[in-house]
Amino acid sequence: MPQPYTSPDAKERAKRVELILFDVDGVLTDGQILIIPGSNGAVHEYKTFNVQDGVGLTFARRVGLRLGILTGRTSESVSVRAKELGMEIIEQGSLNKLDTYQKIREQVNLADAQIAFMGDDLQDLPCLRRAGLAIGPANSQQDIRQYCHLITEHTGGHGAVRDALEFIIRAQGKWDQIMARYLA
Amino acid sequence: MPQPYTSPDAKERAKRVELILFDVDGVLTDGQILIIPGSNGAVHEYKTFNVQDGVGLTFARRVGLRLGILTGRTSESVSVRAKELGMEIIEQGSLNKLDTYQKIREQVNLADAQIAFMGDDLQDLPCLRRAGLAIGPANSQQDIRQYCHLITEHTGGHGAVRDALEFIIRAQGKWDQIMARYLA
Amino acid sequence: MPQPYTSPDAKERAKRVELILFDVDGVLTDGQILIIPGSNGAVHEYKTFNVQDGVGLTFARRVGLRLGILTGRTSESVSVRAKELGMEIIEQGSLNKLDTYQKIREQVNLADAQIAFMGDDLQDLPCLRRAGLAIGPANSQQDIRQYCHLITEHTGGHGAVRDALEFIIRAQGKWDQIMARYLA
Amino acid sequence: MPQPYTSPDAKERAKRVELILFDVDGVLTDGQILIIPGSNGAVHEYKTFNVQDGVGLTFARRVGLRLGILTGRTSESVSVRAKELGMEIIEQGSLNKLDTYQKIREQVNLADAQIAFMGDDLQDLPCLRRAGLAIGPANSQQDIRQYCHLITEHTGGHGAVRDALEFIIRAQGKWDQIMARYLA
């Protein structure tokens, strides 16, 4: 499968999306975790995020898209970053992502077709198969690629999320609205 | 547009430059931010800088160029680094970069033609379109490239700023003056 | 020797593996160490780990493979990460890796043919020559490559461990068992 | 100039080397500095080092080569790392590298021909032109390359120092002595 990849129906699928859920490690980050033991046995796990991704998330909110995080790990860095970016949904420490996905879907009262999911590894597969638009970063594991409607040009933490968001915003015909602000 | 790219008039434009303003994330850094929650709800945001860029900034000051930072984010790392490099202008947390650009231009009493701006993303576009010399790092977003007179060979945080500074210093015929010190 | 590389008998060797021992730096990490001096002369050494490697280690345990770390350095990050991943053996600060390897082999009561060793540098060579399956990441030193049955596609800290684990699990015919959980 | 590059007389020059002096940023590191402001106005500057480089430095000491650091910056990480690696000379904060180089040469009582210097930028040029063997990492600035007898395959912080050390040890016919320990 070539990379980047766009399925024939990806654009049509993107048009219907109202909520985008992101796995964190390998998607919003490059998959690296910095582990620093703290005092009293505490363990701190830190991550780095990409500023161009952050700008894309701000654009997405500006055109009315809803955003959320759904990850199996737990990190203070993620809470802080998600809050800064105005994410509506923050689900960390999910042991079964599909269960959490379904809980979210009921909360937001949307159909699967209105939800995009972006993940890079096998545990994301049940959500990728359920969501209306399945997106993988360039570094996606081989076994999930065939289930993705979009494989981005960039890898996680290096612009994959920005790629995905621009694809959706352009498909919905709202990119000119973003550009207008900067071309005034 | 090929990369690196130099517009036909880039050298002429560079000759007139007296002040260079830099966006930070993705330009002076690789766009990665390390987020570490502190005590009492404080959030610390750390960045890594490139030493070869720093050497270039020292060279620029040595030949009389004035330097400044203009960024939308706020980070203690940036204040420290900018101070170390003797930057004259440090504007962080700018909500509207063009407004801040115009405030700076009045402070330094220069014309747009005497100012170079280096940025990588859409929010830099108004300043890139106003400044006499518009520079983007290799990692610049697609939509701003057509407005740049110079796209550097290296990416942000990996030598893009050094590339830009050497281009300007050479265009002004002052590179031999830099080399002389090390060839004595 | 081409890269990635698989020796003609690598698959047969992988079938017999019951325990996999990993060097840390350059294998489970990209070989970078962040050194931060602490108070009272203490020195803290931090490393970053890869989440996709971690998922692979979880898969390995799920199909009954036993896991261990054998490294010459000592770092709090490693203890924390190895514990999180449920590693059975954690040997840090080993001055002679072959001695430590033999101690481990006696503890677990396995033959060399049942042990895989993954390392990237010369000090790993005695263990690579002894273990039933010798694995090097893509960044392995030139002088150890000829002793490896498998050179992975990815470099250390960027998926090399995941590559190695998938190779073993597939060779043992247990990959479908992993996939089944996510295709249910 | 092709990269990696070896001058016709590089091997002969390497045979005479007894002391190797290294610049730090961009040579022993990838040129990235992590800046973290501390309490009471203190500024901490952290760097990451490469473990494979460290192994090479241990090999160099084992065959009798003397090692030192000569850098213009000052960082606690460097002191700790240099001490760990048993470096004989640690000169940080040098404002004029040639002056410091000459001071070191007198201390160790060696001729220029017996000293190798490895650096990546213009401020290293006076030392590179003076030392018997001038080495640059793959990321060396364009203007210093013509003065180097050896440009390594890898970049700083990603194996450049290991490349340089192996070249010298092999030129001196002592690599078999290193390998013997691991092939016993």
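A few remarks follow.
Every chain is named by a letter (A, B, C and D) in the order it is written, and numbering of its residues begins at 1.
In the analysis below, a contact is a pair of C-beta atoms (placed from the backbone, for glycine too) under 8 Å apart; a residue touches a chain by one contact, two chains touch by 3 or more.
Fair warning: this is a prediction, and the values are worked out from it, not measured in the lab.
Farthest chain from chain D, judged by C-alpha centroids: A. Residues touching across the chain C-chain D interface largely differ between the two copies, under half of the numbers being common to both. Centroids built from CA atoms put chain D at 43 Å from chain A. Between chain A and chain B the centroid-to-centroid distance comes to 30 Å (mean Cα coordinates, whole Å). Across the assembly, chain D contributes 34 as residues in contact with two or more other chains. Counting only pairs that meet the touch rule, the chains in contact are A-B, A-C, B-D, C-D.
Chain contact summary for the complex, chain C toward chain A: residues 34, 44, 46-52, 55, 76-77, 79-81, 84, 157-158, 178-179, 182-184. On the chain B side of its complex with chain A, the touching residues are 25-26, 31-37, 43, 73, 120-123, 125-126, 139, 141, 143.
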